[in-house]
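Next come two complexes built around subunit A: one with subunit B, the other with subunit C.
After this line comes the complex of A and B, so read on.
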């Protein structure tokens, strides 16, 4: 397949998660919804189940307002809204991690609001790096395994997990390669987003095959024009209108620190005898994310360093409205960017936002400055 | 040679007709913004004021929220760049511009050449914008232009939330019920706008000289509150509301010169 066909295939998957779900169900497979930001997808996959990402959708919220106040993350609200409306019908369970306060409330509300899809909690430790933290994570995984077995009838085996860990590591490598290739390739912000978004709705082995082929095509294809390069950071960057503003203003995404995108693929599962411990060790090794506790806030330097390495002249902070972990990090990010001579913009994003005219004005001003 | 800058905002349309890149031949302000016939009216008025004809204009740059919709423009630029350029033309020593318009607030950091080096815009929220003043004036059954005079009489400004227009609205109603004097209430409202914009200014970094532009800058109550909040003198021009259009007309002049240079 050529570049355009591959991108079209990924766009199709990114734009139609329900169709993807129906396809897997029609093949006789069972699917499990996985909520943001990190869940043990390797476990789900190893049990022969299809992990399907649920990150909400750009939509008006009505039903979920019975459970949520107005001032809370709209990603959570729209996940619940879609659950109540029956849009996830067909999945056997949903795994919701405990990585922020909003996610904790999502799990609790889910139990009452969406009774036909069992809620499986994944409780992570705050201190994930010490051995006791790793043991805590493993205990969380064991609970997930028990609940998955009960909800789906599937069985867990360490041998299968070892293979799934390998498949996910392979996917990580291909996605990391894509991010680097896309930084220099002639690809739009929307196409780049499709590649990351589609990963949430395809089996990793299928996605790896398509993206690997795409990487080769992009390497052979034309280079991107212009040097208005930025690093984008935030939880989510998939709004078509927002991405269009990048493209219209000739602002290229040279690298990202987006939870929905590159943050997923930075850390591999180490090769240990016990694959479950290896998976817990992977979580303990993960860093540079607002949702993962780090008293030293190494993420700040990481962002500046990534921006420098990729020749970015600015850092665009896509601030999910009412996301306190991201808001806490914003001030040191801005200070670090100022000190490094990087322009930083704070663009507010929200699942209920359709009009990105203000973001467009900011990006146009950035273009004019550069 | 005439060049035109047209700034089509959410609440008003403004034009500046510039002669030879130096002299302001005419200006107009119409209280009707994007999506109305305000831009056309503003254009007609500025031509009448300058005694010029549409065909005399060599280049038009549109700016403001309606910039992409205006059919008569040769180009468009963001209002941030245009305000920076307009303010630098009037006040070359200004390094910080606080621009508060009908629906948003912006703070721009300029270098000595007037080039914008950094900026910040408000969140998608009416608090700290002209719309906030409009809503508050509506509750008090006052014209927005009367707020300034009333605020001057205050000795003890009331405390009004700068977080949210809806919260502030209920606070104003509570203060009215509690019998707070009107001047103190109005001064509190002006202070609320200043506090919000000052926080934005601190995010960019306040370097003197500081100037306010945009429609809200016309309100001395807000300017005085801003001076107190930031502890610096705020420069102001009668052309505050026209700075974006002025900057656009200057960029239009550059475009003509660039075109002439490329032909030579």
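After this line comes the complex of A and C, so read on.
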């Protein structure tokens, strides 16, 4: 397949998760919804189930208002809204971690708002590095396994997990390679986003195959024009209007630190005898994320360093409205950018905000500065 | 913590619980300031961090949430919030955190000063916002941060895996603090602290349960003030003693048929959420003028740190209100409503607190249904005065009162 066909295929998956779900269900598979930001997808996959990412949608909120006050982020609000409206019908369960305060409340509301889809909690430790933290992560995984078995009838085996760990590592490598290739290739911000977004609605082995081919095509294809390069950071960067503003202003995403995108693929499962422990050690090795305890604020240095490495002259913080973990990190990010001579921009994003006039104006101004 | 108004009243009786409790709260600040002046290390400590640890080690700590509440109650909330907003912190962030981050920069606040920290003790059993807030302090001041991570428990009971994880962190925290401060952990001292904390907790629970009497021997707004001592000093002898005095006074009030609720008690409600410190007088007055006594709050149950040993302590810290699932949190409140003959619930939808407010609509619905009582809510904020409307509060309280009134009629 050529570059455009591959991109079209990924665009289709990214744009129609429901069709993807129906396709997998029609194949006789069972699917499990996985909420932001991290869940043990390897486990879901190893049990023969299809993990389907749920990150909400750009839509108005009505039903969820019965559960959530207005000051909870729109990702949580719209996941609940979609659940109540029956948009996730067909999935056998939803796994929700409790990595931020709003996520903690999603699971509690879910039990009453969406009674037909069982809630499976995943409790991660914040002190994830010491052995006792790894052990606690494993206890969390074991609980997820038990709940998945009960919800789907599927069985867990360590041998299968070992294979799934390998498949996910392979996907990680392909996605990391894509991010690097995309930094130099002639690809729009919207296309780049499709590649990341589609990963949430496709089996990793299928996604790996398509992206691997795409990577080869992009390497062979034309280089990107212009040098208005930025690093994008935040939770989510998939709004079509926002991405259009990037493309229209000729601002290229040279690297991202987006939870929905590259943060997912940085860390591999190490190769250990016990695949469950290996998976727990993956979590303990994860860093550079607003949701993971970071006394040294290494994430801030990481952003600056990544921006430098990729020749980005600016850092665009896409601030999901009401996302307090990111709001706390913004101040040190801004200061670090100032100190490093990087332009930084704080663009508020919200799933209800269809009008990106403001973002567009800001990007226009940035364009002049770059 | 906040004081309800500053009317000129006769000098308080130094043997009264109110006086003793007020002195303990104030002394925590002066002790820390003196320690700092002597060159000792001083920490900032999250409200639900196991106080047993600094207390046993003999470390001086201050409580930023307590300070923020005090600053807000004395009118400094907006000024301090604006300072951190000027630094780039969003006004969506918890106002306690905004005030505290502002204090780190300003280093002074006429409403309530406190020495800057040499280390921070963080525990997220009330919220994860705490982690981010303390990370920023630790990084900016370049001081150690000790985090005891007590994850939100999705299950009704605390699991053994959770206790084990918490226990390992307790020891890790103790050893890190020993290394950093040179203080030593003593089993004997721990046992004393545990006993004192148990004494304070028992007296507190007993005192707050005196609201079972009709009329209640106290105004529930008292609890919002007194709980500061439970938060910060429950492991101290003076605290246990003051709580026992409080219990004694409430019992005596009941016997004499008097109350610190200085109006006729026509209705009894549970107040849900943190107090609106900047609007304490208004919120209290809005109830009192209608004869509504707030007889209970989850705080009445929240400080039940009664346990037998180290493992029990780990379990107790995992079983606090903001760390427990909806069903467990709901059942505790249902029990409080039933035990204290509550006729309605007033929910503070607190703009600052995502965790507390994030499943409150569903939970309060369930409590209301289980107890057959009305629920009303109002928008507010525990420390940022800008997020509260007096008119809305008044309308909601009035509405609640009318339903309670109607219910009384129906029962006749």
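Here, the second predicted complex is superposed on the first by the 370 of 370 C-alpha atoms of A that agree within 3 Å, B and C clash if a C-alpha of one lies under 4 Å from a C-alpha of the other, contacts with A are read in each partner's own complex, and residues count from 1 in each chain.
The rule is simple: contacts are C-beta pairs under 8 Å (C-beta built on N, C-alpha and C of every residue); 3 or more make two chains touch, one makes a residue touch a chain.
A quick note: this is a predicted structure, and the numbers were derived from the prediction, not measured.
Of the two partner chains, neither subunit B nor subunit C is touched by A:16.
Contacts of A:328 after superposition: subunit C is touched, whereas subunit B is not reached. Of the two partner chains, subunit B is the only one that A:343 touches; subunit C does not reach it.
When both complexes are overlaid on chain A, the residue A:188 reaches neither subunit B nor subunit C. Once the two complexes are overlaid on the shared chain, A:365 sits against subunit B while remaining clear of subunit C.
Of the two partner chains, subunit C is the only one touched by A:108; subunit B is not. Considering which of subunit B and subunit C touches more of subunit A, the answer is C. Shared-chain residue A:241: touches no atom of subunit B or subunit C.
The intersection of subunit A residues touching subunit B with those touching subunit C, taken from the two complexes, comprises 334, 346.
Partner subunit C is touched in their complex by these residues of subunit A: 66-69, 71-72, 98-102, 104-109, 111-113, 121, 123-127, 130, 132-133, 135-136, 139, 290, 293-297, 319, 321-322, 324-325, 327-332, 334, 346.
Interface residues of subunit A facing subunit B in the complex, by the touch rule stated above, are 334, 338, 343, 346, 348, 350, 353, 357-358, 361-362, 364-365, 368-369. Residues 65, 77-81, 104, 115-121, 123-124, 203, 205 of subunit B are the ones that touch subunit A when the two sit in their complex. Within the complex, the subunit C residues that touch subunit A are 87-90, 92-94, 97, 124, 127-129, 131-133, 135-136, 138-139, 145, 147, 149, 151-155, 159, 161-162, 164-165, 168-169, 172, 325-326, 349, 351, 354-355, 357-363.
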